[in-house]
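These are the structures, in structure tokens.
Next come two complexes, and both contain subunit A; in the first it sits with subunit B, in the second with subunit C.
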Partner chain A sequence: MPLNKEVMNIDPEKEADRICHFLKEYLHEHKREGYIVGLSGGIDSALTLTLCVKALGSKNVFGVILPEKDSNPISERLAREHAKSLGIEYVVEDITSVLEAFGTYEKRDEIIRKIYPAYSSNHRIRLYLPENILEKDSINFFSIDIMEGDDIVFSTRLRRKDSQVILAATDTKQRTRMMHLYYHAESMNHAVCGTTNRTEMIQGYFVKYGDGGVDIEPLAHLYKTQVYSLSRHLGVHQGIIDRPPSPDTFNSHVSDEAFFFRMPYEKLDMLLYAWENDMDERGTASIMGLGTEQVKRAFTDFERKHTASRHLRMLPPNMFEGD
Partner chain B sequence: MTDGSNDIVKTVRTFIASNFYLSDKFKELDPGLSLMDTGIVDSTGILEVIEFLEEKFEMVIENDEIIPENLDTIDNIEKFVRRKKGL
Partner chain C sequence: MNDHEPLFMDCDKEAERLERAISDSVLSRMRKKGVVIGLSGGLDSSVCAEICAKALGVGRVFGILMPEREGKEDTNRLGRIIADHLGIETIVEDITSILVASGCYTRRGMSIREVIPEYEDSWKCKVILPNILSSDRISISQIVVELPDGSTVNKRMTSSSYLGVIAASNFKQRVRKMMEYHHADRLNYAVVGTPNRLEYELGFFVKNGDGAADLKPIAHLYKSQVYQLAEHYEIPDEIIKRTPTTDTFPMEQTQEEFYFSIPLRTMDLMLYCYNNDVGLDECSKTTGLSLGQVLRIYKDIEQKKRSTSYLHMRPELFGVIDLPPSREV
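This part shows the complex of A and B:
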């Protein structure tokens, strides 16, 4: 199909049925009785939950809300409201103490104090990549803002080792959530349902053995804009639909766009589609009203993120010769 | 500190060869080869290159300068260092 706005169109009813069938087949094949869904208060987990309930009914779906001290309180509220509206059972388990016991905050804060010695619990932080890649070319690197209230009191580019340690510490949040989800799944003979969409899957915007550690990924074929259209069709909580997507992992707000994608979803998904389908840069630019250089930069960014994240999508290579 | 083009190329090449994995295909480390497209250096690796350049050539690299045309090949790095140092 040539590139045009229609490539993102889906038949929501058909798509929902197809996904419900996929969800039911997995349970049948693996003899599980239902799904566990981790609810972040974001659109992907909300749609996943809605689809699971549509496929199995509310009795066979269990929601787990796993906030920690850096989570935006609105996330928990929206997750609860959505779970209640679907009539499912759910639990809220604050994972702060688990993360403290592991040293998640301490490991991260040790690096931040090295960069900014006055850093204290009164400060908030956020990490982000350079601005919109369509506007300006730049290699990806993380910067950190240290905030007091809404004011940035210190901002700097992170050194390689420092960004690695901060992100490794932050990733333990998703891995701790995975551990909780599997506790519930095994204790109930359920499967853990993932929430990663295609836009994230292709570029590696998930944590290996964290939110990527699941039994099934029913949204992995849908671009984010398709997640939105299906969510609207299925009546996902409007507060969740209206909310700007965010990793919600730092105590100061940062959008998915600033933290990882470097362009708005409307453009991102169309460009990703063009890149995946080997469409030429000039034609793509003309259809999207962009310059060829802008499209080239986007394609290069996709290619690099895709290559760098290949290991996230693989099972561990092995020499096992069984089935 | 070194200042000749060949010295800069040699210094950067030695740093990359000893700090990043080079498959047989890229062992020669051609100065015109894209470090990022070939996967020799990824986006976090480029930060290590930047930190090395700042220290070795006693210069500060601004965020605005972290662009492929300054840093994606050894040739580009050499030109960038010379420009920054006024050589």
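This part shows the complex of A and C:
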């Protein structure tokens, strides 16, 4: 099939039914009574929740909202509203104290103070990759903005080692959430439902044993644009649909696009589709109204991210011969 | 077939094979600079640390001791002994405050009170399974708590109480793993998982807890083979002689009591017989168990394998993510 806008089309009714069937089958096979869904206030977890409720009814789905002090307060509000509108039971557990005990903030701030000694609790921060890769070629290095109110007071490219340490600290946020989801799942004999979509799965935009540490991934075959169209069809909370997707990990807003993907979703998904299907760069460029160089840069970026994240999608190697 | 024969292993050969495979896996395939390993003071983590140190060099192995307020005292001491024995860099991270903040202890207390209302969070406790050799009843777990005056109370658990206690206790394994990954991510290292074959095959590990790792060097070795490797590497005696414990509950608790329900040595042979289709008669002769007991254990092995099969799975994806072979997900 040649590349065209229609490759992203799905039949929402049929798709929802298929996913519901899949969700039910897993529970049956593994003898679990329902699903735990971690609600971030973002579109992926909202759609996941809606699908779980559609599949099982509100009784067998339990929502867990896990904010911490850097989370955008809007996230919790939207997550609550969505959960209420579906009539499910949910809890809110603030994980700030767990992260403080772990040293998440302290370990992160230690590195930032090395870079910017005046850094204090009045500052907010955000990390991001270089701007749109379609416009300008560059490898993936992180930069940091240090903000006072809405003003950037300091901005610099991070050394690889430093961004590694900052992310090693902030990744504990996703892992702490995983622990709490499993606590509820295991005490209720539920399974933990993941929320990673295809655009994220292929490029490794999730934390190993964090948001990637779940029992089932019902959205992993859907591109982000398809997540949107299914969400609109199923009537997911409009406030969540309208909100720009964000990792919600840093206390100053950064979008998923700036933090990781480096291009807008409409282009990203089509290009990813073309790359996955080994389509040629010139043809792809002409259909999408881009230059061949731009497509090449996107493909190279996919290749790099896909290779770097291969271990995230694997089971750990071992020398076991039994299976 | 005598007691030792079937599980006897050529340690020189196996050690060499493992060391080469680990170096290959970590440095070439994963392109990591070394490994992080949580040291519990037990045999399995000690042997794994030893193999990795030999495979990668002591400078590429980072040990972490992770005591908490309910852990046994010698956990730390023995962990330190193996770290010093190997000469690897090792740090101590007390995880008590993280467990307090996660609600590990209080949530467990809540679930225990479902069957023992007077229980207080500061009392000692443990969960045990009845020995399967002496009874064929479905294994109903019991909770044992120790009162301040030293007396103990023993109660059968309800399913909800049992699930709650286990779910809360699992914070311990998951916090430890989170700590290991934090250091691994920071250093660009891989994380070592230390299950042996009994644990791996019979599903005695916590998903995304001690079951999570980038490599599992001894998952193919029966417990008695791990002992042989320990002798081969001259692991300090104190570590070899220690009874395998879960170190999860404040009361002394062996792995036998908590999960395997028969002595590990017997379970080792039984699993070997099971995996190699050894006839019931011969299995009974080798292990000294009656035919009835052998049958019960076979059933138990099957049941454990079945009920824990999901622990070995990646998250299920819906539909095939169809990529060219070089790009498979």
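Things to note:
One rule holds in what follows: the second predicted complex is superposed on the first by the 322 of 323 C-alpha atoms of A that agree within 3 Å, B and C clash if a C-alpha of one lies under 4 Å from a C-alpha of the other, contacts with A are read in each partner's own complex, and residues count from 1 in each chain.
Note that in this section a contact is a pair of C-beta atoms (placed from the backbone, for glycine too) under 8 Å apart; a residue touches a chain by one contact, two chains touch by 3 or more.
What you are looking at is a predicted structure, and each value in this text was computed from that prediction instead of being measured.
Applying the stated clash criterion after superposition on subunit A shows that subunit B and subunit C can sit side by side.
In the superposed model, A:Arg304 makes contact with subunit B only, not with subunit C.
Of the two partner chains, subunit C is the only one that A:His30 touches; subunit B does not reach it.
By the touch criterion defined above, A:Gly194 lies against subunit C but remains apart from subunit B after alignment on the C-alpha atoms of chain A.
Judged by the touch definition given at the top, the superposed model places A:Gln164 against both subunit B and subunit C. On the chain A superposition, the C-alpha centres give an angle at subunit A of 90° between subunit B and subunit C, rounded to a multiple of 10.
Touch criterion met: A:Glu217 reaches subunit C, while subunit B stays clear of it. Using the contact criterion defined above for the overlaid structures, shared-chain residue A:Tyr116 touches neither subunit B nor subunit C, since it reaches no partner.
When the two structures are aligned on the shared chain, A:Phe141 is found in touch with subunit B, with no touch to subunit C. Which of subunit B and subunit C touches more residues of subunit A: that partner is C. Taking every C-alpha of subunit B against every C-alpha of subunit C after the fit on chain A, the minimum distance is 6 Å.
The intersection of subunit A residues touching subunit B with those touching subunit C, taken from the two complexes, comprises 164. Considering their complex, residues 130, 137-141, 143, 157-160, 163-164, 300, 303-304, 307-308 of subunit A touch subunit B.
Residue ranges on subunit B touching subunit A, taken from their complex, read 36-37, 39, 42-48, 51, 63-64, 66-69, 71-72. Residues of subunit C touching subunit A in their complex: 18, 21, 25, 29-30, 97-98, 100-102, 107, 111, 160, 163-164, 166-168, 170-171, 174-175, 177-179, 181-186, 188, 193, 197, 200-201, 207-208, 212-217, 219-220, 275, 310, 312, 314-324, 327, 329. Interface of subunit A with subunit C (complex): residues 18-19, 22, 26, 30, 97-98, 100-102, 107, 164-165, 167-169, 171-172, 175-176, 178-180, 182-189, 194, 198, 201-202, 208-209, 212-221, 276, 278, 306, 311, 313-323.
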